[in-house]
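One structure is given below, represented as structure tokens, and several questions about it will come after.
Lettered A, B, C and D in written order, each chain numbered from 1.
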Amino acid sequence: MSTLLCANADEAVAGIEDGSTVLVGGFGMAGMPVDLIDALIRQGATDLTVVSNNAGNGDTGLAALLAKGRVRKVVCSFPRQADSYVFDELYRTGRIELEVVPQGNLAERMRAAGAGIGAFYCPTGAGTLLAEGKETRVIDGRTYVLEYPIKGDVALIGAHRSDRMGNLVYRKTARNFGPVMATAATTVVAQVREIVDTGTIDPETVITPGIYVDRVVQEATA
Amino acid sequence: MSTLLCANADEAVAGIEDGSTVLVGGFGMAGMPVDLIDALIRQGATDLTVVSNNAGNGDTGLAALLAKGRVRKVVCSFPRQADSYVFDELYRTGRIELEVVPQGNLAERMRAAGAGIGAFYCPTGAGTLLAEGKETRVIDGRTYVLEYPIKGDVALIGAHRSDRMGNLVYRKTARNFGPVMATAATTVVAQVREIVDTGTIDPETVITPGIYVDRVVQEATA
Amino acid sequence: MSTDSLVTDTGRGPLGKHDMAALVARDIPHGAFVNLGIGQPTLVADHLPADSGVVLHTENGMLNMGPAAQGDEIDPDLTNAGKVPVTELPGAAYFHHADSFAMMRGGHLDICVLGAFQVSTAGDLANWHTGAPDAIPAVGGAMDLAIGAKKVFVMMTLFTKTGAPKLVPECTYPLTGLACVDRVYTDLAVFDITERGVSVRETFGTTVDELAGRLDLPLLSAGG
Amino acid sequence: MSTDSLVTDTGRGPLGKHDMAALVARDIPHGAFVNLGIGQPTLVADHLPADSGVVLHTENGMLNMGPAAQGDEIDPDLTNAGKVPVTELPGAAYFHHADSFAMMRGGHLDICVLGAFQVSTAGDLANWHTGAPDAIPAVGGAMDLAIGAKKVFVMMTLFTKTGAPKLVPECTYPLTGLACVDRVYTDLAVFDITERGVSVRETFGTTVDELAGRLDLPLLSAGG
């Protein structure tokens, strides 16, 4: 149904429930929905599963959400970074679960969730630790691992621009996970730098059509 | 490797071998690579499997290729049209094979070929004639059918514009199957209305990056 | 039982195809994302109010499709799934076929409206193949729409030209999808396919009892 | 055996990381589509001639990536997979993560260059996890690159700082991919992983016999 333009980030994240799976866009800071994560910290939902490429940096954003003990499990490709000390400490002390997923599987499993695919056979990780216990199949002489969709209750993504129908465009490599996560969650919330009148975005350049976007909010700092 | 700019459509389709699987873009006339199909008729390859949404209209294009007895099998979603009399006659007289594939499976199976997916579970067609003999699996209470990739030896597609590196943009609903087919074939040949200098297409708007495109030719009639 | 029979706007019937389309249009919520199948379902677009906020999807790669193109608007690069030239509305978006069907199959469309040969009491749909031995099978996007949209509405006459019911205990034509139909709009009545059975929402120039006598299946009244 | 040891450009060794990068760059064909892994492999870009026609892919969604951004060029929306600000070259294209990894996993990249902890004689690659009990596992795109690129080149020192070989009969570290490595560039030699075994293409400041004495595996000479 129609996209809701929110007055602020708190309104945009309202109603996220305890126990939710939250897809969080961004690759490093590019495309990271900083305002929405800060609002989620204020909003209070806990026992969350967070799906994102990394597991937080420094003391802010995702790391701050983790530090408050609100995340039960992280699903990501690369938790270990130079300044991922918040995650590192939680993990080493057994206070957070981790599912490491190859980056391509992370993207493809969310795409599958958005595209109605029940499961798919993928060559990544075959014969490695990350495929242990997973079903495999040899197809045309190659070994594939059966992978299942990752579906979110909520996706928090960053984009560059939205029109009033929620049609999104991104900018450069800040596009990254946003368009995929937007297809894979029940409620999709986009933080954008500007909201423009409908009809001013060239329809050839829309990357995430408004059908995928439930709520849009303009960045506070933009 | 680098995209080759061809002087004409005959050069663009040179080397297509007998027995090839040829993906042919277009939905109706929108995106149909008319020059390339005509060149393929002149080129002479036979015993072809053609993968396309339809099975030819009237006496020209795909229908003309079929009429010359050059196509062993058609894989498509919708062969039966008001003016598909060439296909109809060949089919009714047992001179052409037909694999009817739901349109979404046609697209997704080619995407899988392009994305390295070995097979995928899809809900389309479960319990119908088109899933007969196919493996099925119940996942979370829903029945899915196992579908395999469709890979082309050659793809012939139509696009709007190319730069000299083969980066393609399409126009409106003429985009249709082109971007998917471009990922799914060993050799990808694009017919475009104009070829522009590299650097003049906004990188945000490229739909098919040049990595997928082997040969480009400008439409003779453009 | 022709769909071109005389039409009244008083709720009596049988209804013509335009009135059936108007009924469907009335039931589409504000702002819904909708795919209208080829043929009669495309008429629904003509009955959506200007402020409906409804966004039309066409599976050949577009959201916010506008009405059929006229005169100078005709652009061979812009057609609907029936290959009819159409227009674009503000807020449109284009995408390729895999993305378009991912949108459909992933459950992102609120409603699709399809024609049918038969619908069963279980909501099975048959609309792609007559099953005749000499018929050339052609499915297009019908099977994807049937399993993909959140709600599947069917629009058809209730009886064939020879008087055979099209709402049936079991489909005899090859299926398009199993247990996928939610509601059936016909010239004589609107039916909901529910877990308890087929429920009659409203009738046009007939009664539930009359329909029950002509259909080979039990009918529930929406009220009861 | 430091990678920062003195370097000659005369073919003698051991080579430093810049010379190894130059060797890799020399072997990349004109116009190839290439992904350079995080760390030392990124140095390869500095050694590609201006007319190489090589197109760099970064898995966070770009083709035709340019050099690292300097000063005013720095744009937080434009980074490489190592999150370092980069630039775009004419003919660039942006795409989302699923499309980027589809490109990689679908076999469309000609070459990827990766670092490694170990490579086995069968071409197994270990480069994501030391296997230490307290290590936090982190794989990123390594497993996707390992199985996706048409050719996988590894760039590493041949021995660890404590002198243990990194080209081994069987990897002892957790694997990234099986039988995926095609060629290994090291400070002391370049090896091809072939169906017949490990073949030495060239050596730097050492000989095949000397290497055979230090490595626990049979070596073929490229000539023989």
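In this section, contacts are C-beta pairs under 8 Å (C-beta built on N, C-alpha and C of every residue); 3 or more make two chains touch, one makes a residue touch a chain.
Note that the coordinates shown come from a computational prediction; the quantities given were computed from them, not determined experimentally.
Asks: Quick check on the contact network: minimum steps from chain A to chain D?
Replies: The least step count works out to 1.
Asks: Would you say B-C or A-C is joined by more C-beta pairs in contact?
Replies: Between the two chain pairs, B-C has more contacting C-beta pairs.
Asks: For chain C and chain D, what's the span in angstrom between their mean Cα positions?
Replies: Taking the mean C-alpha position of each chain, the two centres sit 56 Å apart.
Asks: Approximately how many whole Å separate the CA-defined centres of chain A and chain C?
Replies: About 35 Å separates the centre of chain A from that of chain C.
Asks: Indicate the whole-number Å distance between the mean C-alpha point of chain A and the mean C-alpha point of chain B.
Replies: That gives a centre separation of 33 Å.
Asks: I'd like to verify one number: the distance from the centre of chain B to the centre of chain C, where each centre is the average of its C-alpha atoms, in whole angstrom.
Replies: 29
Asks: Listing for chain A: what residues touch at least two other chains?
Replies: 108, 111, 115-117, 122-123, 170-172, 203-204
Asks: Where in chain D do residues touch two or more other chains at once?
Replies: Where chain D meets two or more other chains at a single residue, that happens at 62, 88, 94-95, 101-102, 105, 147-148.
Asks: Report the topology of the inter-chain touch graph, choosing from line, ring, star, complete and other.
Replies: other
Asks: By the document's touch rule, what are all the touching chain pairs in this structure?
Replies: So the chains that touch one another pair up as A-B, A-C, A-D, B-C, B-D.
Asks: Which chain B residues qualify as touching chain A in the complex?
Replies: Touching chain A: residues 108, 112, 115-123, 137, 139-140, 142, 144, 148, 169-172, 202-205 of chain B.
Asks: Where on chain B does chain C make contact in their complex?
Replies: Interface residues on the chain B side: 27-31, 77-81, 87-88, 91-92, 98, 100-108, 110-111, 122-130, 143, 160, 170-180, 207.
Asks: Show which residues of chain D lie in contact with chain B when the two form their complex.
Replies: Interface residues on the chain D side: 29-33, 53, 55, 57, 62-64, 88, 90-95, 101-103, 105-110, 147-148.
Asks: Please name which positions on chain B make contact with chain D in the complex.
Replies: Per the stated touch rule, the residues are 1-2, 111, 113-117, 163-165, 167, 183, 198-199, 203-204, 206, 209-212.
Asks: Which of the residues in chain D come into contact with chain A in the complex?
Replies: Touching chain A from chain D are residues 58-62, 75-80, 83, 88, 94-98, 100-102, 104-105, 129, 134, 136-144, 147-148, 174-178.
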